[in-house]
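Two complexes follow with chain A in common, the first pairing it with chain B and the second with chain C.
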Partner chain A sequence: MLTLTSPVETWAHRLPAGGKLAVVAVGTTALFLVGSPWLLGGALAGTALLYLTGGVAFSGSALRQLWPLWPFVLIVGLWHIWTAEVAQGAAILLRMVSAVALANFVTMTTRLSDMLGVFERIAKPLSPILPPRRLALAFALVIRFIPVMLDRMGLIRQSWTARSPRAPRWRIMVPATLAALDDADRVAEALRARGGAG
Partner chain B sequence: MSDLSPGIELSSVRVTLGGRPVLDGLSLRLTEARIGVLGRNGSGKTTLLRLIAGLIAPDAGTVRVNGADPFTDRKAALALLGILFQNPDHQILFPTVEEELAFGLRQQGASALEADKRVAALLRTEGRAHWAKAPVTSLSQGQRHYLCLLSVLLMQPETVLLDEPLAGLDLPTQARLARRFAALPQRLITITHDPANLVGADRVIWLEAGRIVADAPPTEVLPAFTAEMARIGERDADADLAG
Partner chain C sequence: MERTLTHVALFAALIAVLGLVPKLDLAAGVPITAQSLGIMLCGTVLGAKRGALAVLLFLALVAAGLPLLSGGRGGIGVFAGPSVGFLVGFPVAAFVAGWVMERTTLSPAVAATAASVIGGIGVLYVFGITGMAMMLDKTLSEAAFLSFAFLPGDAVKAVIAGLVTQSLARMRPASLLSRA
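Moving on to the complex of A and B:
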């Protein structure tokens, strides 16, 4: 399930999306300009504090969202221990985790439609080629339909397994693609029924 | 319930899909408040609904809703018609409840602020304010149906088209939705294969192979339909292929 915005209402939910994204952009740039592991450690501690102001439940779900980073931490860490460049490795890891955590903080505290509003404003110069409303709608549809398509693939896999002793693996790709195209037709219809993509 | 003006008019409508006529020379004037379209699978009833909703254009003939062509005049169609699809996952376009609800309003020209306000007000009156931020994937099947209904009602159409609105729902959810439908001030056009859903209708149209078999009050149509379905069921009727 793709639940990016946290249902725990924090102070940061009330800040404008554009401002938050700007802070992330500036903050991430700063992280790359700073080389000292001590300063970067401070940045990570600051980010952790930022999460804690949202409460324990909020921080817990943030940790779960950041957990998939561990293989990268492991590989980069091991590599730098191997090459005996521990300080440099620490700097890279602290920088990476802080940057991702900072971006994740904005994701968790910003409604999708507000985020899309920012994209619409930024994409305005492109409007003769790419209407911003359409771009924003495309973003929303992707986020909405990834879980639907994963469910659909799960069902196809189950129907396969119910009638075959072999694992389906790549063989579900064709039915899954066709199902996705079929679903796309229905969604296009639903979109038309409520005013179209314009 | 009295008739709602001025209604939906189809004249000599024909729709072919993949070379096969699905609706064949159909003419109807729909003005009643509660209309049922009854038919078997493949009778053309879903196509009829999509035709009225302006989602497809007829190959021949005309469709008019209060004088407007719902396929070409989408702006008028949005104000006049809402459609509830059978599968809510084919209808819900946005990841959260409030965004899903706000979409139709934005499409009708409301500002983001105005749309948010109306969504919040609706959820409050429905006793579902806590749904606002919920991801749609966390809703049960029945709740998703309800969300689809709310997003259609928010657009304040004059007529709501319902495609098998109670299929696949558990009995308490069916009862609750049916009660909700019955209380709506809108004209309802319900398509279904189940005569039990149309007992309270003002008018029932029985469709078979794209043509009207009967068009009368439910007390006349429903018993005849049930008897015919039982008779077909006796034969090995589902061995026939369409087309």
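Moving on to the complex of A and C:
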């Protein structure tokens, strides 16, 4: 499965994931403490420069990841033009876009395995109730079963359309959920036969 | 132990798949994403604790950088965006839906629909609207106005969650862990 990590190697790919997350947490908090649209505009420009150090292709895919924000930009923008509080509206939008862009930068420059490693370290204090091995196994099971379930969803749809002229609509959910429950039972049995989940 | 782990993991995968299926076309001609249906089903089928754990596991993988949210979104950026309240509300919604399901003796269809409305709509919207109000610096009523566009779709999903849960209860009574 594709992850959101950028295939374009940048200098930031080599930094440790935990450090990057800490910096972004501090940066995002700072963004929410600042109210001036000029400062927030500067923050957005700084974030854009950060992306540009990774090259044009890297920045282009970053822009595509920001695209889902457009409804919010449109609605909040129109709202503040209507209420004539343009400076405040600009501050809100600049803060929103910089915060998301900054966080995306970490996702784009960190491999999935490194990020999951950070989560497993954060969860270490929980190890009496949630052993790290079990958490790692849970991550692996989800990643493995997403393509399996997607395939089966397609099979269920095909066998439905082979028998009925109507579209399956929500009814596809029943066999899909049932199959997930059966898989869960079988995988549990297989795990137990191989020495348990740790 | 292993059964809890695999149920949690497989339902986390189910939520992801429901967001990836491009257009499930759940109700006649209305393309609605099925992801929040997955959240409701986690609660009504797995029960409060396991349901919430499945949603947390799903969110951890989203945060780690898998594009599993509907529309192919993911990464920690979504937790810095205006819909963060809905993401925070997801596990709580599943927990409340599961809790309602466990505490009633109504028929599975009625109980699951009610549980989905209370957890998957009521609780989820409280979190989502609060989050949007904070992120976009709006009042709660202004943020609520923006969120209510999704209400008809979510109402349809609550009914579907009820129907699916009822079918499961009929076909495989033991599989309904929320009623076990």
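Keep in mind that, in the parts below, the second predicted complex is superposed on the first by the 136 of 198 C-alpha atoms of A that agree within 3 Å, B and C clash if a C-alpha of one lies under 4 Å from a C-alpha of the other, contacts with A are read in each partner's own complex, and residues count from 1 in each chain.
Methods note: a contact is a pair of C-beta atoms (placed from the backbone, for glycine too) under 8 Å apart; a residue touches a chain by one contact, two chains touch by 3 or more.
Note that the structure is predicted; figures quoted are calculated from it, not measured.
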**Prompt:** In the superposed arrangement, does A:170 touch chain B (first), chain C (second), both or neither?
**Reply:** second
**Message:** Is A:196 touching anything from chain B or chain C once the two structures are fitted on A? First, second, both or neither.
**Reply:** both
**Request:** Mind working out whether A:124 is in touch with chain B, chain C, both or neither, as first, second, both or neither?
**Result:** neither
**Prompt:** Of the two partner chains, chain B (first) and chain C (second), which one does A:14 touch, if any: first, second, both, or neither?
**Reply:** neither
**Asked** Looking at chain A, does chain C or chain B touch more of its residues?
**Response** C
**Partner chain(s) touched by A:138 [first = chain B, second = chain C, both, neither]** = second
**Prompt:** For A:180, is the partner it touches chain B (first), chain C (second), both, or none of the two (neither)?
**Reply:** second
**Message:** A:64 in the overlay: touching chain B, chain C, both, or neither? Say first, second, both or neither.
**Reply:** neither
**Residues of chain A at both interfaces, chain B in one complex, chain C in the other** = 1-5, 111-112, 141, 143, 148, 183, 187, 189, 191-192, 196
**Sites on chain C touched by chain A in the complex** = 1-3, 5-14, 16-17, 20-21, 24-28, 34, 37, 41, 45, 57-58, 60-61, 63-68, 71, 73-82, 135-137, 146, 160, 163-164, 167-168, 171-172, 175
**Asked** Across the complex, what residues on chain A touch chain C?
**Response** 1-5, 21, 24, 28, 65, 68-69, 72, 75-76, 88, 92, 96, 99-104, 106-108, 110-112, 115-116, 119, 134, 137-139, 141-143, 145-146, 148-150, 153, 167, 169-170, 172-174, 176-178, 180-181, 183-185, 187-189, 191-192, 196-197
**Interface residues, chain A side, partner chain B - complex** = 1-5, 7, 111-113, 117, 140-141, 143-144, 147-148, 183, 186-187, 189-196, 198
**Prompt:** So in the complex, which bits of chain B are touching chain A?
**Reply:** 50, 53-55, 74, 78, 82-83, 85, 87, 89-96, 98-99, 102-104, 107-108, 112, 133-138, 151, 155
